[in-house]
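The two complexes that follow have chain A in common; it is paired with chain B in the first and with chain C in the second.
Up next is the complex of A and B:
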């Protein structure tokens, strides 16, 4: 009855249909600010289709972020600038962290509060919102990290003062609202400032990329979606079924997530925006560091820029701490649970071992195709074994793991 | 190989011009049109958990069942065409999951009707679980337009006078969105339609492989009242509820169900009849909040239904599905049920035509023969409800001759 999982496909179908109107308008509008406004309005409308309260919340959030950007810009070099900066970061993080910690009670309070705000704005809008069943702040994690990135870059001087419409354009950029990637402002800045750069090449590439994404999500991932049953049926399943289910699930997860990224990147390219890649064949990585450089790359890049480097990832004394905190940032971005703590620790351990072996130039395996294939296999297995932590609470994951060696399964 | 490399490999390296874009799009459209021409249509698939027999036809186009067309009603004096609009109260729900003795009340009643008629009874089933009043109304519009000999409508007492859940939203999505729009219904139009629903609706009209227009949703725009407007009722907090978010509004209602569901792990338990306590609790909550005031969504919609049936001249037999006598264990819900029954009685007394009947109460002896599930609404064993309904429908049909 309650829709916790708004269908991302519906979002992209709406974006597709909307683009038929949006594209000629975008091409015809001459002033850059008008095109930015068009994109912002499109993003707000797509949020309205999910639930009017989300539209109101995100528009308000990005107006506030624009104000914060101003404050940081003008206070960064002044007394108490650093304190202002940290206070603002905390403010931006609070909704997301509260959601991750409190879960459903937060969702309910968030929904009630935003719904009541809408009642004050417009009764018809409120009535429409009443009929929407989605009760989670969809896209909040992605929006929060995009806002943080913008503010951090302003503080360190990499971004100048941005007008409100530029911040709103970045915040409401339609293709990335639902499932990312966590784009940087620079990825959309150039195109938003110049004239519409619609090209046949970009159009064709974008269309094919969207088609690729749709095939991944609607054909391949859809066919593998049943594999999620392994996390509930492992007790009655034979050993090989549990392993097979786990392997298939990793592919479902990748195809689904990377498919949505393909669609978002493709849509952006149709309009002339060239977003950075979000996945690069992660399951064919030869080591765990390579894996994290090719899996959800926009999140990894965010963590590298804003955690790994500032925490001394390139200094020998602090590198391991930096690795651990980077992995924790990535893990806890998904959810603040014990399972995600374990997930972050597990991968940090893998990365630290890999870093140690690399620094000491210890090659366990010789060079060569067969050895590389084995490296890929070992890395994939290492990643696969962390998936139960990603999708199950810790207590259930701890029940699940013994079934991988036949304890508790039907074997 | 990166995705980008694969795309480059497919597209090749020749100059990519706007002509290329046009060519790709043209071939895509042509392919879709050709696929639409050569993909055969088929009849809607019946729910596989419901029993069937020759002469029983599934009329509901389910979401995702493309290329389907409901069958035409059979003609001739030797056939009694009976349409039956209902939800989950007409079959033994749990059989869907773990039982083999599947029972479908409309078929059993049609069989009994045949015993009393010389004519063969064809059953055209519009069965849809979670059917709400707006769904019933739109389906009735479709059934009436086919001019059957009789339409039977099962009304679920829990949801009938309820403003919290007025339609199963996905049934409205992607379904003739153009017909939803009138100047009087712009709010509903904005509220439930999306760019993709418009796109696929219009494309589907010309390229049927995309999605078939769903005729049973037609003419919803003819409804005379503002559905959403009637959803806003004065806020009235029940005891123990926060006045900030009482259960009188749909959103708060569902939020509350979700919250208390989460906070009561024991609600996942099974009752002795096999139905979950959670379902029972929700249905009791729903019945307590039956809103039968004349301005309510349900009351205004039922007035529209009354008018529709009277104008059509098609005989329509409405009956309120029975509820377990155990409802008395929940006094507030029992009060709600009584309000619903009185409201349906009033519909019968004030109906606009003699071609309809509203049956609000089923005799206690008949109700006692029924074995209900743990949620008090869904039925495990139907007792002689089929025979009783066949008798009443027969009586009604005789008055229509």
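Up next is the complex of A and C:
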């Protein structure tokens, strides 16, 4: 977690420095293809600054995705089109799934393989790469889902054939490379095809969002980061300290993650790109469905479009299965572990209960401000109780839970 | 704007038809959640006498896209 945050912050500081050079160039360049190329180069350079192997990997990945987009576009309506489509989806998913299942062995193989490729390209580049510490394929989960979204939309006919430079621009779009959001191609399409849409208002708003995000990450989340100790100290802590630590940790997690989203949205806005929001006051949701519609919304939207709908979410017979598979996708996107299986199942259960009550128009609580406040509290508590599964292995989480009722913690 | 399609959406979403247009989507319409979307699919199939495939439902990300999908199935709206 510490390295992850460090890299993300460094990445955004590099992006800020690069933007000073990038902004006037972006404004001056007339052809849309040149501005797309400039953004792609900027994204590749930012990856290079972390480690050349990341740059080589992601450029290669998006070139391959562009080729796949072509294949899907031309074969979608033909014989074996569906088989091609599934084979391609499997190929795109393989690196991310392997990483999540095998962990460190995958990272070592990833480093060795990408090092070798760089050695073949350029010896000086290889020397730079060797000097960098082992860098995990940062951003792979975000990139994989963005690629999947692009390919699925092509298959169903929502996207036409895209030129290689458009796919590279989408894939290497700098603000979202490290920590999302999982943007859709349409979010950057219009702006990337028209003239630069720079305005003082947009830049000011963008700068404000970046500053707001930095305050969230570097001041507020940093101040609450110590709350993570609750997951190791609960055995020696008093009951109220364990609960307090857990509550504070939920805020640390939210401020940290949503802060990075603010920075990404802000940087995009400076350059005239209006990305969709990624968080919308999730801890003030009145039910669990509302929570998932306001927490990491780009991931929820992805799962809703690409899992919930195709799995039968819009048919009453299959809706509960679709809910379960959607939540498992969201959970396993974070990590493929037993704890995340439990996390997905827990939230799916909450959503299915909520869906059943909503369908039958059953309101357990009456309408009104006090009842709404209680709804918010219950939803927040429900979400809070799932956090140990998000941050601990299952066996340790199962040891942690009894401490919330005073078993195993100091009274 | 008020037509047959808008009327179906208006009834299911519980939104005044004057507030709906082809640009209306789940992202700019509060009532258009996944439960409403399920009811919408059933209402569209019943009102226009069609069966929507998964691929067609996946394409219907706004009222305008729903209109295009139904028109491609020969529905006159």
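Everything that follows uses one rule, which is that the second predicted complex is superposed on the first by the 404 of 411 C-alpha atoms of A that agree within 3 Å, B and C clash if a C-alpha of one lies under 4 Å from a C-alpha of the other, contacts with A are read in each partner's own complex, and residues count from 1 in each chain.
Here is the rule we use: contacts are C-beta pairs under 8 Å (C-beta built on N, C-alpha and C of every residue); 3 or more make two chains touch, one makes a residue touch a chain.
Nothing here was measured: the structure is a model prediction, and the numbers come from that model.
**Q** Clash or fit: how do chain B and chain C relate after the overlay on chain A?
**A** Overlaying the two structures gives chain B and chain C room side by side.
**Q** Give one of first, second, both or neither to describe whether A:289 is in contact with chain B, with chain C, with both, or with none.
**A** second
**Q** On the superposed three-chain arrangement, identify whether chain B or chain C touches more chain A residues.
**A** B
**Q** Quick one: is A:308 in contact with chain B, with chain C, with both, or with neither? Answer first, second, both or neither.
**A** second
**Q** Output check: A:251 vs chain B and chain C. Expected answer is one of first, second, both, neither. What do you get?
**A** Neither partner.
**Q** Examine A:10 and indicate which partner it touches, taking first as chain B and second as chain C; both and neither are also allowed.
**A** In the superposition, A:10 touches chain B alone.
**Q** Please state, to the nearest 10 degrees, the angle that the Cα centres of chain B and chain C subtend at the Cα centre of chain A after superposition.
**A** Result: 170 degrees at the vertex chain A.
**Q** Which partner does A:164 contact after superposing on A: first (chain B), second (chain C), both, neither?
**A** Neither partner.
**Q** Once chain A of both complexes is superposed, is A:222 in touch with chain B (first), chain C (second), both, or neither?
**A** Neither partner.
**Q** Would you check which partner chain A:212 touches, where first means chain B only, second means chain C only, and both and neither mean what they say?
**A** Only chain B; A:212 stays clear of chain C.
**Q** Contacts for A:281 in the overlay, against chain B (first) and chain C (second): which applies, first, second, both or neither?
**A** Once the two structures are laid over each other on A, A:281 reaches chain B alone.
**Q** After the two structures are laid over each other on chain A, how near do the C-alpha atoms of chain B and chain C get, in Å?
**A** Minimum over all C-alpha pairs: 14 Å.
**Q** Report the residues of chain B in contact with chain A in the complex, numbered from low to high.
**A** 1-4, 6-7, 10-11, 16-21, 24, 165-166, 169, 187, 190-192, 194-196, 198-200, 228-229, 231-232, 244-245, 249-252, 254-255, 257-259, 262
**Q** Sort out for me which residues of chain A touch chain B in the complex.
**A** Spelled out, the residues of chain A in touch with chain B are 1-2, 10, 13-14, 16-18, 20-21, 49, 104-105, 108, 111-112, 115-116, 123-124, 127-133, 135, 200-201, 203-205, 207-209, 212, 258, 262, 277, 279-281.
**Q** In the complex, go through chain C and note every residue touching chain A.
**A** 27, 33-35, 37-38, 40-42, 54-55, 57-59, 61
**Q** For a test of understanding, state which residues of chain A touch chain C in their complex under the given definition.
**A** Residues 152, 156-158, 276, 289, 293, 304-306, 308-310, 312-316, 319, 355, 358-359.
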